[in-house]
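Both complexes shown next keep chain A, but they swap its partner, so chain B is in the first and chain C is in the second.
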Partner chain A sequence: MIKNTAPVLVSDPKRRNFLKTSGALGLAAAAGGVSEIIYAQDKKILKIRTYADMRSLDPAYSQGVVDEEIQSSIYSKLIQYKPGREWGYELDAAESIEQVDDTRIKFKLKEGVMFTGGFGEMTAEDVKYSYERILDESLESTNTPDWGSLKEVTVDSKYEGTIVFSDPYPPAWNIALPYIVGNIISKKAWEEAGGKVDTTTPCASGPYMHQEWQPKQKTVLARNPDWHGGVAAFDEIHIFPIDDENTAQIAYESGDIDCTRVSLGSVGNLKASPPANSTIEEYPSLYYVWVGMNVENETMANADLRKAVQHCIDVPSILQASYFGAAEASTGIIAPGLIGHRPKGKLPPEMNIAKAQEHLAAAGLSDGVSITLDVLNKSANVTTAQVIQATCAQAGITVEVNLHESGAFWSLGDSSSGERYKDIQLILNRYSMAPDPSYATAWFITDQKGIWNWERYSDPEFDKLEAAAKSISDVAQRDEMYRKMQDMMEDSGAYRFITHEASPVIYRNSINPAFRPDGLPLLRSFSSS
Partner chain B sequence: MLFYILKRLLLSIVIVMLAVTMLFCMIHLVPGDPARILLGPRATPELIASMSARMGLDSPFPVQILRFFGNLFTGDLGMDVITNRPVADIVFNQLPYTLWLIFSAITFAILIGISLGCYSALHRNTLVDRITGILSVACITAPAFVVALYSLLIFAVTLHWFPAVGAGEKGDFWDQVAHLVLPAFAIGLSWIGYLARLVRASMLEVMGENHIRTARAYGLPERIVVYRYALKLAVLPTVTVIGVGMGFLLSAALLTEIVFARPGIGKLIFDSITTRNYPVVMGSVLISTILFVVSTTLSDLINAWLDPRIRASL
Partner chain C sequence: MIDILKRITHETLGLFGLILVTIITVCAVLANVIAPYDPIALNIVDRLQGPSASHWLGTDQLGRDLFSRVLFGGQIALKVALVSIGAALCIGVILGMLAGFGPRWLDNIIMLFFDTIRSFPTVMFALATVALVGPSLSTVIAVIIVTSIPNYGRVVRTQTLTIKSNQFVMAERVMGVSTMRILFVHILPNVIGPLIILASMDIPTVIALEAGLSFLGMGVKPPTPSWGSILNDGYTLIRNTPWPIIAGSIPLVLITLGFTFLGESLRDLIDPKLRKSL
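Right, the complex of A and B next:
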């Protein structure tokens, strides 16, 4: 064999060349990254984190807060959310706006609101196009429900118009005009683009313009020199999609970003020893977390068993174990500060094992019962499930926890995806909402059974109230109706409300951030200090 | 040799097709309506049906898979239903980040691992050899994500030597290199240990072979015997290991891309599976599978080319 391998002793030029070439290729690959562009370090840049990557720059296809953070920076609306601790709005492109009667909102645009790219001045015609296109069925927008009973927008003059609803729709002021579907786009630009856009946009009218999207890496916004509101605070805003909050915190501490939401678990440490030149603020969140019970499941159909479970769940223990004491107990599904928030729930947050045992006896289950709890595989949820398991055991209820990854979890109650919805007994759930109570209650009506109403709760009175409350202008009356709906949910025994969580944020003292009352950043209002 | 190459190529095509078919089946076994997950809670049943049709999910399963392979032969990986971009564009946009990461990690591991292994073999049973052995095993057992987290805390947060997240400014080479150091270190560390042990063992074996004794008998300087003749043979197993290890490198890259919030094919697959974005899942897994199969085939071919004994046995 050695003789056969003699060529090894005399180097083979081909092989030597190969090895040399490999090395050279490596260097060439490295050199290939060198580019002609050198990044300007002297620009005033805001670096901020979002939890997901951008999906669309078209308001019709915007998928929630991540897209909206970008769109609200590059487009104008008639009104914008006002930064601060209380929900409210401020004028943006509108010079004036007024609810003239139950179904009509009149507006007048400021003169000189310009679209970039030579698409001219914003007119009432653009507002009409922007709003009405969301209703266009052929566009297949998922955001159509946000406009509620919008019928049309009439153009009264170049700058004036009237938003007309077929029925009163008070949520328009909370979730339509200042939110995703309230973004005003250029009719001319969109028509030239074929009626819709995806990850690029032909023009902007806000303080910033969309400059670049590097998928999975960052979105860059650049100052719009023609913004009607003056001079935007930053030359550029770099938005980094970082899904994990701990990674985001590391990125903040290493100086890669200037502002981020942090995990509830790290709030204590950050407060005890905050990073230099940083401020930590806590905002209540609009999320709502609850334990739902499937009223149509054979075991859980027993109302006394459901009530026993309600009494077995010790909310303070969950808040301590899963949310590190950084979140408050909730009283329902509507967060504090919103119409319909209940200052106090019917059940106290603390468990009451004696009452639970009474209900178990009434249910004929004094000897104990075994039930399942379906949970999304996030650490806070798993901890919550373990606490529930422990406290239920004290009353003789054995809870078996089923963990699911997100795709599987979010289809559990979907009756079109098989029969699994029937097996749900207890489910730990968490929904988000926009700042109007109708956004929270919409999922618990009878029509939502098998879609998002996984408890399969059904009460004609609840359905009637839910439909009516959306179209009542009187705030006090609306407030009363939404409170009553939550009372009914609690009385059914199908819900045990846990928390609205919290949104802790950290930012450098070199910036003046602007947040919604739920802690979401309003990038257009950020400035440097 | 030509027959061998053809045989390997055919086998590679079969492996890719099997892997993709298996994945296709697995995806459809996972519960959850992808259209509903993609569109969110406010989608109407009509919208969900329309999205299902756009994703091709309204056809029977065999039709879907045949259509996928049909499109594949025309180079069409489909469209991403979220951003309306061709899947091929998305995948090939992310692929260089992963390749660059893997290439850097393995280069770093080869440079240090082979040097350490060689040094250990030449100083067998000395204190340095023993320390190297312990360190190598420690490196092998350290999971990439743990190394990633600690390296972030030490080198990014505490020392501020390197950036923590992202892949660097497009066009700024040195910024990209700075963003690459920690992720490459996280992936490469365990490979250093592995290669060091492998090269040490291989080197010890080669050093005892007849042709090395012959070289010494010719009076060649020890440096030339070691580096020109012994090391060249001793590193051969590393080519095979790296080829086969491409799968491990890809999975390590996935974890690292998540921890460092780096773009890349691993993170693309993860995000696409979470959102049930099937066209992107299929496209990105197909490319990863091809990458794996090509690298193992290449390593076999390189081995055959470099080692006449292997070539002779074909």
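Right, the complex of A and C next:
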């Protein structure tokens, strides 16, 4: 039988190919390759870009929106931001939550919200631990201001508790409960870990678990099979830190990522000829960009010099050159649509060289002065810096631009990272924002000097206003107070407000993205279409 | 020298290289005269224009004339190349001759220094240095000098070791001639030929390194024009206009070709094994 059939087999090309393929597959299977290929093809992976690398998985040390995108995917909160064009929230771990009076919020947890790693069910004790540890001075959390006047969390039963504030704190609903400090961690897990974690976490309770972090390359989240909310949409989420938006766009076009914010300069071309199976959307941004001046620096301590610099900066030219005319000039740090937004700043956006020279003369610097401008090495920033350099030169101010890569830049003003903060003179900065004015002003109080307050601006009246404005329920009164704070910032000469930018995003039609009203992704709510 | 130049002009590629290098060098040196605009003068109204009679290579995102920036960028490129290679050559020659002619222990110390430097990948070393001390032209030059010294030093050391055992050197020593005279009058002329070839081949590498660091924002500071920073601007604007990328690329390609052809011709002429016409 074999003898008869063998020649036929060899001469039959289809059979021969089949045998070859089978042989190759057999070898690959023996090496473990086939199972891997099939597994990879079956996986639903969301690949997304963030503008910076992950810094911490501990809500106490979260460094802003990038860490929060990851943390909000792996931890649960009582409430989460609701995706859409209007600000709002939806229940997450809470079955119910209610403001019972000016200083108390009562909540009841859903039963069966489990922590991974065998750390059991989420209880009100975990909520108490998670929130109160942020206030612990020994922990030196960078996010303490987010909790405002939080006094304590009382545990009323296994699932019920009361969040108690010493003063009314309306921002809790906007920037605390659904944001960084609202993440609930396992008390047991954290205590076993020594009270804090860095870039690994002992457990998760959200739709995804932290699986891997490759510094400066990617963070991988994997589906949490025990998530209380059902089945997470993706097997894995791969988060790639890509500083530059143009690089991110190239990564998107080459299929390496599924969703990214793109540069304002690209929007026109993308709309004219969008990549296949892609959607471009534009969201108003809450980011704020400004030029800060270090009031404690020997040179910049001169208020007249600071005011001269303010008058030298021509915002319309910056918007045209760096933002392709697609962004509006800002009047402060609070974006339009939020309480405290100033319709008009005290300084016009346009430069005024004559006034700058008057201030220079008053500063005793009529012959000119040389100062430095520290900038994150990103195309829009470098362009902005060069516009500032050129316009300052018209008044006799020589600006030396120092470019920094991301890691070096974000440690510049941090007084715990060395003495470099003292050398800052001018700094072009950009902060993210949550939808409450207190989130903008919180970083400029005296206590934030050397943390996020790189201008080292300090005014007791500002601090008092900042503390008071957070605890007032009257919207008109709050509005007035926040406007006054921005007036004070501007009057100090330490700030020149530039823009709030805009958030254009592009994503594949194979996914259903979920964005906050300001265009930031809510990864936990992404799904495949 | 004139003889070598004459011979280069008889080789097609050598002549082509010489012409390219001469044109680029003259353009860079005379940039102040040739450039139609101030390379750092902003004119935002005329930003991102294509080539025209008034702007031969168009304008960048700040309305600066790209042709003028390319010309002035040549000054930076050549300054970096000549200063850093010149300094590295001088230091490398001295250290190489000392290692080759000096006592064994000195040779060991110098070779350890060379090996230590060579163990760092140049680009990584440059990035680390810039991250520590901040980006500037002098930082770039310093990095290139330090990383290039072993290249020249090793060649000189090997040549010196070979020459020092020659009879004419031994005769000089017997006659009581000073070490300095032996090194600079007898050994140096014999090692300088290969070094010139090496240096001419290194120039495009150094220019590319400077451009690479400037592309990454770790080279010259804004608004100083550099071919690398022009490329960086072009890269970010490539969807709006291709001209900045083209403007930044052309001189890099031409100068690389020019110095490579010139270096290869020099090698063919100076190296006796490859010299065909003699």
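Points to keep in mind about this one:
Methods note: the second predicted complex is superposed on the first by the 300 of 529 C-alpha atoms of A that agree within 3 Å, B and C clash if a C-alpha of one lies under 4 Å from a C-alpha of the other, contacts with A are read in each partner's own complex, and residues count from 1 in each chain.
Note that contacts are C-beta pairs under 8 Å (C-beta built on N, C-alpha and C of every residue); 3 or more make two chains touch, one makes a residue touch a chain.
These figures come from a predicted structure and were not determined experimentally.
Contacts of A:G265 after superposition: chain C is touched, whereas chain B is not reached. In the superposed pair of complexes, A:S379 makes contact with chain C only, with no contact to chain B. Contacts of A:S56 after superposition: chain B is touched, whereas chain C is not reached.
In the superposed model, A:A321 makes contact with chain C only, not with chain B. Of the two partner chains, chain C is the only one that A:Q389 touches; chain B does not reach it.
Judged by the touch definition given at the top, the superposed model places A:T199 against chain B, while chain C stays out of reach.
Counting residues of chain A touched by each partner, chain B versus chain C, the larger count belongs to B. With both structures placed on the common chain, the touch criterion links A:D244 to chain B and to chain C. Contact with chain B, but none with chain C, is seen for A:S417 once the two complexes are overlaid on the shared chain.
Annotation: chain A residues 244, 405, 408 touch chain B in one complex and chain C in the other.
Residues of chain A that touch chain C in their complex: 244, 246, 249, 263, 265-266, 269, 317, 320-322, 377, 379, 382-383, 385-387, 389-390, 400-403, 405, 408.
Chain B meets chain A in the complex at residues 30-34, 36-37, 39-44, 47, 50, 82-85, 90, 93-94, 100, 103, 107, 152-153, 156-157, 160, 163-167, 169-173, 175-177, 209-211, 214-215, 228-229, 232-233, 258-264, 267-268, 271, 273-276, 302, 305-306, 308-309, 312. Across the complex, chain C meets chain A through its residues 40-42, 44, 47, 61-62, 131, 134-135, 216-218, 221-223, 232-233, 235-240.
Chain A contributes residues 1-2, 4-9, 11, 15, 18, 26, 29-31, 33-39, 53, 55-56, 63-64, 140, 142-146, 198-199, 214-218, 240-244, 247-248, 250-251, 253-257, 405-408, 410-412, 414, 416-418, 420, 431, 443, 452 to its touches with chain B in the complex.
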